[in-house]
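The structures come next, written out as structure tokens.
You will see two complexes here that share chain A, one where it goes with chain B and one where it goes with chain C.
What follows is the complex of A and B.
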């Protein structure tokens, strides 16, 4: 019966009925714990205009453990590595079962607006972000155009 | 519009099931707190620490009364599901019971439950429950009338309403002798139960239905 816990059903319904602006999360037809996610790049960020694909998976013991989230679209960001892994405290030690899919995705969107090069996952990107922010931002815009638009 | 209402537990997002209040005043289902406690010891809402002995002394907002007949939903429900504890049977919580009964009636061979953050499997052919991540942790289960004697619900020892001040909200729960037992803990269970029985006796709360000295066939 607990094939799909009621909480997951409830969260999914709510994501469909009251979607978060700029974020879409649709469960896979074959696996209701696997979501195809699209996050739009926030305004006034180097990612503006981009559509970023992510994958989100709810582990068996969700919500006791955090969803697993990864960028599929390449992105130039100090807290996201080349495999799309995200350095975000609420996905790790700061996870709380009162957080939800929507709050996680909002936090990821906020991370795009506020890169944190002091807590890097992609070291080369973080380094450039610190020593030459304007060039880093140029790279981020370039990658956004190249990988996150028109596809 | 199916938005999440204020009256729902923030962990399971359902109507509170045995609501319990943490010292920070945040309220969750008892089993949800238990699942959280076994991992982080922090309130899911504000991250305030949960006291070490909280599961032994939860602040429940409603008592577990002697029989599961107080609300209408039980009246139609002829059968209830139980799992074996050290010296008696525990009733499954209402939600799990509903899931098990439904799968049983559908003729399925097993029912999977998410209880306190872990997945359990109730196997109807062998009438056992085991933890999916560690099938060695198993217990007998049975389906019986809803008035069958039990120690309490899902690890919360019940109190006899006649002998307890109904304003009291502190109800003794037992964290070791329930779903969340561990192999390492099993040898301690006996002692713990003895202590608990002593406490219960000293509080002159009785469970007259329980045969004394019933065999403890705790599994590993």
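What follows is the complex of A and C.
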């Protein structure tokens, strides 16, 4: 495998030295491009109190291409589907090589605080979020308790 | 479009020249096509080099009149759909607006310092300041990163719309900037290919011939309604407006609906309209291997119509009804289920006929090839010259053209509202169909039948076709006047 680009080394160092509040990202021992991520559910959101596991992978042409990120913990959210795939513009067409792992994870945390049912990935969840927000929020809290709070 | 080429085509006499360039020599008379042919459409078939020249003329015109580089001119032309005159006018009024609209310039004042000193925000490396560059927005990054960025974008098929690397910056990288960073020859070639494709796609007067591996392009000045263009290279008939197979008298939106519907339902319909049918009289299984719908059972000699399986005697020249769909009069009282069944029945009625004519068209393609070799044989055997047999060839080509139109009348009829207009349409359709079957029958037996009779039949069929198109093809704006786009 090719040597790790300086950019990835610097980003990793900074993530370890000055971690983002509420987010931990640790590179895998066997692959420095693969990160184990844990995001804590933001305060005042239905995900509060939960610990959400994600995986983040830096593809070969990172940072020219966006990192690949996926939720591993089940989550009830209109922009995250059953497989944990995330609908977030900066992971797709709005990616810029000047963005970083740090900015991506901050955006994901913000997405938990402010779900966007008008741009849905999980259609059934988004539908309920629009027609009956209180029930959707109850479901989200329920899922958080069930899947993101053990351990 | 350049002012020069505008001149060429607004001149009415110029049409004549184009006409001979595009239309096959099978037409019998050389009268003004724009008046006799309801599908007449002014267009030209161009090679890649000719299109490149055309685009370069626009690029040169713009870069000269605005005093900008050709690369910038390309970005702007792409954004304004190649309307150079509009750009020049707008630029005179407010150059800034033009530059911002085409994303040559940033709409927000640039905030340099994204990369401070000699430190690149993308690779986190420190290099000499000389090795940094930026677009008009002033976001500096090191040249190695630009090169990588462009390579990744180009390999993903992006060309004209490659953007600056800074987050949320939408400024586009002009060609010269891209090429000054990308060194790999294969990537540069790819970039230029994609640029050309992108330019053609953004140009309202141009369209690639959709034929497989076809290298030709069409140029025309109107882009709405069913517009027939025929490729000089692969002879494919295409609609210039939508790029689908040519579909007059059906319009672009309807044909799209129909083709999607057929694609969705084809499994059932294919099964139902299978390739064989039983003789209505003796029940022997018959495979259709010729284009004509007038069938004669090889076993019992019964003459019948392949489409409706009715007796051919009822299909006389005045009484041909099998193209008309009869709705069940008791429909209103039926349940929803029965209505759904009726809808399917209606669809299958039109689909079967559509499919049937498509198949006949393919078979007539074979007849055409057969005919060619037969004519050759005759000429070689000293039975007349090629010119003597030309009429045979013409008749087969005319048959193909008529059947093509007939095929595309079925989606039109399917989506038509019931009423007198539909009745008129189906009447004309039936007339056309009857004449086409007559013609088909005669063409297949052409050498043994009377030439005068055949030519008469050709004339009738073509008249039926043009009458139908004249009445129902809804696009007849004067081509000459609309050529000045």
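Here is the rule we use: the second predicted complex is superposed on the first by the 149 of 151 C-alpha atoms of A that agree within 3 Å, B and C clash if a C-alpha of one lies under 4 Å from a C-alpha of the other, contacts with A are read in each partner's own complex, and residues count from 1 in each chain.
Everything below uses one rule, namely that a residue touches a chain if its C-beta (ideal position, glycine included) is under 8 Å from a C-beta of that chain, and two chains touch if they have at least 3 such contacts.
Since the structure is predicted, the reported quantities are computational estimates derived from the model, not experimental observations.
Chemist: Answer with first, second, both or neither: which of chain B and chain C does A:5 touch in the superposed model?
Modeler: Touch partners of A:5: chain B and chain C.
Chemist: Give one of first, second, both or neither to describe whether A:13 is in contact with chain B, with chain C, with both, or with none.
Modeler: Touch status of A:13: first partner only.
Chemist: Quick one: chain B or chain C, who's touching more of chain A?
Modeler: Larger number of chain A residues touched: B.
Chemist: Please write out, lowest number first, the residues of chain A touched by both chain B and chain C across the two complexes.
Modeler: On chain A, the overlap between the chain B and chain C contacts is residues 5-7, 10-11, 61, 63-65, 96-98.
Chemist: Spell out the part of chain C that touches chain A in their complex, as residue ranges.
Modeler: Within the complex, chain C contacts chain A at residues 114, 121-125, 139, 141, 145, 148-149, 151-153, 165-169.
Chemist: Once bound in the complex, which stretches of chain B touch chain A?
Modeler: Residue list for chain B touching chain A: 1-4, 10-14, 32, 35-36, 39-40, 42, 44-45, 47, 99-100, 102-103, 111-114, 117-119, 132.
Chemist: Contact residues on chain A for chain C in the complex?
Modeler: 5-7, 10-11, 61, 63-65, 90, 94, 96-99, 103
Chemist: For chain A, which residues are in contact with chain B within the complex?
Modeler: 1-3, 5-7, 10-11, 13-14, 17-18, 60-61, 63-65, 96-98
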